[in-house]
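Heads up, there are several structures right after this.
Next come two complexes, and both contain subunit A; in the first it sits with subunit B, in the second with subunit C.
Entry: the complex of A and B
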């Protein structure tokens, strides 16, 4: 059982091992646990050596895309005479995903240390940690950790007495899911509306303030200090399936499940065992029906697919979905899938930045149709319209928010069509919730 | 393991500002004395003045409870932007209040993960116990306003609510009266 419950023997707690320990949140407590030794070690290495270790470890971006972190860092060219920036993406707004929040609440210094190492490796003097505005408590802890690190000389113009400059600031978002998209995040950081930018240019060429920028997720950066301390081979050895997905992964589990919370297991862990044993399976008298394994924007899995999945980047794809952010939404047989999907669509419609027509109009129209079906007013034609719309909304916009809305709709209709048709034909297949609707 | 409210962090004082207060003298600048110094310090963090816009608006909201047109114009002047630009940014983000809100502004997450765990019933209970008003409309005594919001990022602790700056997890219809009593 993951935090806030007792750790399960089958978990491999690295990033989560101090969750729940008050003392670990302070600088002294963090140092007692070996904190900042990795930064000390890194600062006497060359940036290229650090990038090589991270490359060799196989660490991939934990925000959703899974891009190799070391390779991303290698796109930055220290010494090119330009100011470089590191942005930590702590705008965790994907429904189902709350793991980064827990990292910042319980081990804020792990993130400060990871950011400092990352900044040095890419030649950035300034790091911005962009935290969503709703995360009031992580904001408190990150502010405090950075202040402690400055006071102790770990950050600043002469970081750890090495003569290297490492500045770090928290930047607070103001309520916009789209700001988790990296180019929207950069716009927001610059004081603009959070509209995504067309790529290229990619951030490593022209990022925040027009300068070379690397954007990494919280979990990715927090994993770096351990990799520096224990080496690439050690990290790489943590994989139960293949060498493309290495290390541990945090999963935030929510929905209709006995023990919701944050779990950490090695890549390649069996998803069936994870759901039924670590997370305790369904609540009393219910059966699990479906899972959205990687945050709201990945394809929905049936339980048969979930039970056959190995939890890594390739494993989820092989079973028709994606690892994404690791936000696992569990749905039991009490729920109407139409209702669940309609509510997800409403989220995307609300959060569209409205820049692209397909997204602005498509998410709103999709929501309208789904809510009509949910309320028993749908037609069979509506299903075709939804699929046509999803097609128009995929791959045609500046960012992937539009695609993200289409994904649960298409997978939902494909895998749970009977529930849509039953509502269209006036059958109350889910008496509990259709009564509420 | 027991899970402390706010994970043991110092709880922000939910009554720290009276968000219901109108700007009695909207022409009185927000950025004077210590608040101005705070902005000056912020400006050292960024290579452009414009980048301090979101933090500056947060300061306005902390000081005044909401962001008025006058405040937007003041921020625009300080950051060398136009008031129209600032308004364009303010209206993009959902967390800046463009009107005075109730003393206790309660945001309830009803996105799918919380929705399937009963968030709608929490909304109903909050509305009932705060005076039966409509979503977003202050209660008759002006003390409470309840709104639904998209994902608050605490899906494992359904249903999370935010009362001003305080985050409260695992809210059920049954514990709504106790939460409201604590605020009273």
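Entry: the complex of A and C
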């Protein structure tokens, strides 16, 4: 839905249903909307039953990787004598992505409830909601919601009177993209520098404070209560294309589009219709040129690819990209692709944690070359160098930030090579650039 | 300790069998394949950040960082495939884009891993056309200088300070290509073991102020030795240029000092280059000390020693060989031997079990005790009237010439002629630890060999040779032509040393079977240097 908060008839509002309703932010308002019934229901089930329902529902990680949530939960072994932890990854820093922010701003109790159910399912007594440093407003709402839940006895040593212990804390990051990487998040949470850790060991074996840990995205956890209430089959039925992708997905749409905002559609929704109908298409007198459909680190799609895409995990891959975080960045014909890609590369160069050589040096070098081309100082050899660097930066580092930087470069040069060559050969001066000059 | 399961794999076509939990990098080392690496160091926790040690593991989709990947049964590892070489070449190119390439003025040049691997498998040119990052040189305190432009952010120094020295001084500051090694506010590299970061640095980013611009690495001669500065007995390399000691570096020994040595020992080498040395045998004739041939000097000393009570003040910095021969001088004369030791504060290296700069600041205190010398703060207290006093390399600091008058004769066997002994009858000049070879016994009774690093000054002779000749002149024993001859005799005659031989000591040493160790097993477990400590 764009602003003001009104869903398009073709949307399937589950998580976004109460966006814009002030009252839904409070415990009373949330309860009035059926809140915490799912938690009540879940707490009388066994953890294994909950994991099975989530497994059956086909819910997959909404943070970007799309790992099946139920399976992730099943890696945790409740009762192994170790403290378990649930981490909610609310460090939403992927450029173009702001869906989790909206969930936390409008329905903080949905996340609290989802976290509580998740924590119970994996045998964790403690949940940390790691929230991005820049998210001051969501932090206020999350803090308030958790306080309300504690005061109402929903959280705490005797959660909802069941004798089960569910503790929940919000941890504010200091504002670093890399802290959204799950192992860097854990380091940051422990008070260390937010550097990704080498895997294995995986978090389910040795995570926060060296204990078994599960890390889930905000949207993933917020979707859980409704699955518990309405069942796996109901959730699974929301799939328009591929049975491996079920439920609804939030998309934060921004860039050169008429109605930017957070949209929620069923898996498999046609991307063309989504962009042109729901989001209102291009601004007057302009034409859409490219889409980055899943946040800055997924390959850029041409409009032809975008129009042919069915919006689910497999659909985006089939059309040369990835679902990613659902941060849709729309680029129209007034924009220089080189400029866009150079800006993205600069972001990754700025955010590299500096551990791995390829990433520390590669992201910065890539940025320098791209900005040189952008400024009309590039050479054709630079394009080869860029692709070569991208190759060296892919699959060779601890985490995937380096790969993420390479992705828009490779897809951009592959799909919009003419724009690069035009700048190199100086045949065309870009309208925006010439205005700045 | 439970036996670890063995894992068999193939590296570059060679079958390897190593204990479970070994990294691919270490397994490759075991069959003589050195996988290039920067951040990995066997004495530090694995970081896996330089990405230089990427190798191809069959069936794995990505290249594996061999330092952080454990061996698995049936694994097939390839180190020199095109894919792995390309990836490593890429790392080298990335490392060099911001590197100043100032090898001609860099202290590390010639012993630089960045140079080595770039020559080995790097690109001949660079595609980098932009300005390089620049950061000014920073004084890290202690003996350490940081040149950030040369830094490759391997974080060995940070990990050493955090995980081995347990003194959080260094960090990685900033992110991205702006990153550099930083120092926490108000902290300096003043930890007594901080100098090791210079050795650990694989490039020329951390430099020793002491060694700065002193020599090029290829001008140095290197000799294996043992640190003479305390009873720990850290294995070291003495590096000399033009026959002067310019630097001491730790030499790895799992059982003693791992990969490290303390700053005290590292900096305590200038005395090895003293120029005010005794260079010729001197014998007092007509009231003055005069230079004389060795044979005459030896016989002059022997004639003084004969039929007398012999009292020896020995230095605990002397080798086992010298101390043994000195004990033979005393033997049968009714005399005694004493030694004194300089002491200081003990400074342990927190992250390594049983490694410290010890209180006793001399290498062979244990040896002196084993050969029957008595430790004493006032060494001349038991000097009897009419004794022949042998000053064996004690500098007589704090002792006046008057204190020596009780002795009938004074013989100095030393590297210098102490002021207090200027009335000595005979001076036999000997070489110091850097100029001779021999063995030391460390505080746990580990016997370790040291080698000769530089020539003797003037006519000075090795202590074992001088004392051996003296014994021969006294008719006590002949036939010491090599230090190993003396050691063989020690092993035969001293139960504590039984079973040891010069050859079996190798360059890593072996523990003696002394009273501490006798109750437990032979190989040092009871000495706190056993397998637990070596991991």
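Basically, the second predicted complex is superposed on the first by the 427 of 437 C-alpha atoms of A that agree within 3 Å, B and C clash if a C-alpha of one lies under 4 Å from a C-alpha of the other, contacts with A are read in each partner's own complex, and residues count from 1 in each chain.
The working rule: a contact is a pair of C-beta atoms (placed from the backbone, for glycine too) under 8 Å apart; a residue touches a chain by one contact, two chains touch by 3 or more.
Here the structure is a predicted model, which is why all the values come from computation and not from measurement.
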{"item": "Touching partner for A:385 - first (subunit B), second (subunit C), both, neither", "value": "second"}
{"item": "Which of subunit B and subunit C A:350 touches, first, second, both or neither", "value": "both"}
{"item": "Which superposed partner A:360 touches (first subunit B, second subunit C, both, neither)", "value": "second"}
{"item": "First, second, both or neither for A:198, with subunit B first and subunit C second", "value": "second"}
{"item": "Which of subunit B and subunit C A:98 touches, first, second, both or neither", "value": "first"}
{"item": "Partner with the higher number of touched subunit A residues, subunit C or subunit B", "value": "B"}
{"item": "Which superposed partner A:132 touches (first subunit B, second subunit C, both, neither)", "value": "first"}
{"item": "Which superposed partner A:172 touches (first subunit B, second subunit C, both, neither)", "value": "first"}
{"item": "Partner chain(s) touched by A:65 [first = subunit B, second = subunit C, both, neither]", "value": "neither"}
{"item": "Doubly contacted subunit A residues - partners subunit C and subunit B", "value": "176, 193, 350-351, 353"}
{"item": "List of subunit C residues in touch with subunit A within their complex", "value": "46-52, 54, 61-63, 65, 68, 86-87, 90-91, 93-95, 97-98, 127-130, 152-153, 171-172, 174-179"}
{"item": "Contact set on subunit B toward subunit A in their complex", "value": "1, 3, 6-10, 12, 45-48, 50-55, 57-58, 79, 81, 88-89, 92-96, 110-113, 115-117, 120, 149-158, 162, 165-167"}
{"item": "Interfacial residue positions of subunit A with respect to subunit B in the complex", "value": "3-6, 20, 22, 83, 92-98, 101, 105-106, 132-137, 140-141, 167, 169, 171-177, 188-194, 209, 252-256, 260-262, 296, 327, 329, 331, 335, 339-340, 343-344, 347, 350-351, 353, 436"}
{"item": "Partner subunit C, residues of subunit A touching it in the complex", "value": "176, 178, 193, 198, 349-358, 360-365, 368-369, 372, 381, 385, 388-389, 392, 395-398"}
